[in-house]
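Notes to accompany the following structure.
Just so it is clear, A, B, C and D label the chains in written order, and each chain counts residues from 1 on its own.
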Amino acid sequence: MRSIETTTPATPMAGPHGYTLPLSPSGGSAMVTPPPWHFSGDVIMVDYRVDPAAAARFLPPELEPGPDPGEAAAIFAEWQWCSESGAELADPARCRFAEFLILISCRYRGRHLARCPYAWVDSPVPLMRGWIQGMPKQFGTVHQIRPVAVGRAGPRLAGGGRFGGVLSVDGRRTAEATVTLDGRIDRPPPLHTVPLVHTRLFPSWVPSEAPLNRLVVSEVTDIEFSDIWAGSADLRLLDVPDADLAGLAPVEVGRGYVFSYAETLHHGRPLTDDDR
Amino acid sequence: MRSIETTTPATPMAGPHGYTLPLSPSGGSAMVTPPPWHFSGDVIMVDYRVDPAAAARFLPPELEPGPDPGEAAAIFAEWQWCSESGAELADPARCRFAEFLILISCRYRGRHLARCPYAWVDSPVPLMRGWIQGMPKQFGTVHQIRPVAVGRAGPRLAGGGRFGGVLSVDGRRTAEATVTLDGRIDRPPPLHTVPLVHTRLFPSWVPSEAPLNRLVVSEVTDIEFSDIWAGSADLRLLDVPDADLAGLAPVEVGRGYVFSYAETLHHGRPLTDDDR
Amino acid sequence: MRSIETTTPATPMAGPHGYTLPLSPSGGSAMVTPPPWHFSGDVIMVDYRVDPAAAARFLPPELEPGPDPGEAAAIFAEWQWCSESGAELADPARCRFAEFLILISCRYRGRHLARCPYAWVDSPVPLMRGWIQGMPKQFGTVHQIRPVAVGRAGPRLAGGGRFGGVLSVDGRRTAEATVTLDGRIDRPPPLHTVPLVHTRLFPSWVPSEAPLNRLVVSEVTDIEFSDIWAGSADLRLLDVPDADLAGLAPVEVGRGYVFSYAETLHHGRPLTDDDR
Amino acid sequence: MRSIETTTPATPMAGPHGYTLPLSPSGGSAMVTPPPWHFSGDVIMVDYRVDPAAAARFLPPELEPGPDPGEAAAIFAEWQWCSESGAELADPARCRFAEFLILISCRYRGRHLARCPYAWVDSPVPLMRGWIQGMPKQFGTVHQIRPVAVGRAGPRLAGGGRFGGVLSVDGRRTAEATVTLDGRIDRPPPLHTVPLVHTRLFPSWVPSEAPLNRLVVSEVTDIEFSDIWAGSADLRLLDVPDADLAGLAPVEVGRGYVFSYAETLHHGRPLTDDDR
């Protein structure tokens, strides 16, 4: 099987072009803008444990289970994002999305990393941007509770504040989490601080081609956390039509967290560069 | 023409019941819960002026133009809401909605009030709740920029912060506003503090009936404002298919505001009770 | 308690007006156009039986169980609709909607009628139009399989053709039905041919008011059926958060039907007019 | 610059796998199923002409303008689709989508082909499937009028029948078309019968990589047309935020068509294989 060949035109700007489809004369029609991409978001996160054997089945051969096998997390987040130009912030219909994702702990040559087996977003540009970086984003409906500063229609960021998130996929309630705050903590939840290792996969289409399939680590900078509130948590996977996903249901639920978070995502680095 | 007759069963709980449809044996299927309703929201508001004659055509005969004829406002808001029990806050898919509305200034026997000629929400329960109170809510897609506390993907609540809101109706971009903050102010924007006077209208269906048609003033308590930021503003009505709405386009745009706001909405009072 | 008073202005066109909110100078902003309303739709219907005692609890005191207590039906439909002018057909974004509803059999003074305890639509104008006529429409996501005339991506309207419909409410898969055709039949399914009796309910808002609450029978003309295909059927109520709705789950599933249907809906008639 | 390297594991099933992301132990979590994919749809199509120079700017250097430069078409379609197993037809929430696309005429070494510079779909799986085959699908809201067999809420497939389609992108009404039928024709519209040539583009992510960028021709079989109705047509590009897309606005509008269509899409063939 031949590997995918790429065409590198001698004059790259001859003809329509763009970072992604659609290609167009100016390059300005591309659905996705090139990185870096800036993100600022509000997060509801729950630590939990999965069956370590189930988690291991989601790791490609190059990766080993993390230092604490079965360590996992479920994350609801509401994001704003923009490209380097910030242009997207001028159109509120384009710069916001909501996300739910699962993380499991893993290692590569002793380095602690996180693997995202499943993620859902409610907006198409983040979905496609996910696939570019190897993050397996699908479409879902994601809602979460916001803290309020005035009035009674929501929790305060304070002890007793109760936050929740829900995910629906194809009209099925797939995941629910709640976090009831009891105090502030000093350090971010561990799985939110280790690098993510993704499989950049683009399937074959011409029969003789092999798919693009490469392990990459995301390079992020400008990480910022707000105050981090923690508390007791609950997490349920519910009407899950996919047996593989069902394997990642919680066997134990840990602490929950509510915080704001920002990062800038630049590009990927081949996992094997860590060998150097 | 007879007026609408109401049936007041001697034993009200005989048969299915509920505050609204659907009626059911326990009353628990009602789409809308009875008031009071609590609201906490984030607001982007723009003061503007319309042609005073156009505004006057939106006022029922009982109401006169406000002290400053042509005074109007456009308001984007993201809400959380709950009933007295707070039950809705347990389901993030149900307790949030976004809204865009227009206010025009009016008076009744010398009292300053505001009239809402148009409003759009992105969620069906708030739409129906609007009609119960006489607020002419329709369905639209509403997005607005949120302030961020960390990172670069959004404005800070600080001088120079640029906020925007957009409304689409039936897939047409209908309204856009931006506010660029320059400082905090001490008092809320005037049109956000006067009571709203609505027409509670329920159309006829049986041929001999007259529609229900009554002017009511909304009774709210527990009003709370966060810090109020103000700045320069822009507002545009764009692809408007409705000639009446087009009559309320800005002839001048004033200041803009960004703040959080809360209230509890209890019930309505007949406008004419103010005669007492 | 006073009944709701209506204001019948001496000069009805003084001030903003309209069949419904929003009122506007020309009347042209009204969200809902006045009847008659024409409907043409594609229907997947399943006859089923509920616990007769549960069905009886959904009937107001004026109505008795139907001749065959426990007789019920579940109906998926994709509609096009328009007002008398046909104007809505010029905007495909406005003239289509999908619906799921439940019917139970009932009687009034010996006359066979049907009662709709629950209905969901995916579009706001049909929702509001439902409440005007007393039909308890809520918001849901409704999908159904279409017959195909070419290719392999769907069933033919022929023996063996398998059709399905699904309803999701607030992101929960609430109902599913399938029908596998075995042949054509000569008469429409019985519950699709009897008049509907609804409760036109508009809740109180001013504390001293009683709600509008009146039993009305819908007046339709120009009923048209296409060929009617019938077959074996399945029906499930699934992730139902509402205990009252759960009471209408099938205890037995009967035949299923696939057909096109049209009607014109004119107005309502008080149920008690049948006494004459 | 190195071209993208692919990893072809010696034991392909070691570790999580799948045709696309998400990879999972059984392979069953993949968002997109492998081809072939069957499609059955209802089409509203309008022939039109663009500025030939504008069209040429959308063609990669390997392609020349078609035999009639400036020949273009706009297509609205409502699809059902399924994989080889047909499994998707069991879930009506997954097997339907709506699409709008533009085609322009082109040639490769004398062979007549069509190029799709822009396409929009309302569902994420078709979007991603588009990118796999090189079709530049983005997210849009697409609605079209359906023919009716009964009643008055829609056109008949007959002379005088008036059909329309609308596209909204990010809440902006971007395209509208109408077709008024005058009779049946014997042959399909030319641009609906020539093969599509796409650019399979997957952007770079690791800095040293070149993007995947390859011209491929889609291989389809089992093409089926229903009766084809034709008539006069209108087409407008409206609130278009993208200057490149605006370059493809109609300079002349030709005939319109309404028909059903089916095909099976198998895989791609490198464009240069046509050299053989």
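The rule we apply is simple: contacts are C-beta pairs under 8 Å (C-beta built on N, C-alpha and C of every residue); 3 or more make two chains touch, one makes a residue touch a chain.
Chain identities (UniProt): A, B, C, D = Enduracididine biosynthesis enzyme MppR.
The structure presented is a predicted model; accordingly, all values stated were derived computationally and were not measured.
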| item | value |
| --- | --- |
| Angle of the C-alpha superposing rotation, subunit A to subunit B, to the nearest 5 degrees | 180 |
| Centroid comparison with subunit C (C-alpha atoms), farthest chain | A |
| Intercentroid distance (Cα basis), subunit B paired with subunit A, Å | 36 |
| Chain centre separation in whole Å, for subunit D relative to subunit B (CA means) | 41 |
| Distance from subunit D to subunit A - Cα centre to Cα centre, in angstrom | 29 |
| Subunit D residues counted as touching two or more neighbouring chains | 91, 93, 141, 143, 166, 168, 171 |
| List of subunit D residues in touch with subunit B within their complex | 141, 143, 166, 168, 171-173, 238-239 |
| Residue numbers on subunit D that touch subunit C, as the complex places them | 38-41, 79-82, 86, 89-93, 95-96, 141, 143-146, 148-155, 162, 164-166, 168, 178, 222, 224-226, 260-264 |
| Parts of subunit D lying in touch with subunit A, wherever the complex brings them together | 1, 3-9, 14-16, 19-26, 28-29, 31-32, 34, 57-61, 91, 93-94, 117-119, 124, 127-128, 131-139, 170-171, 199-203, 205-207, 210-216, 242-245, 247, 267-270 |
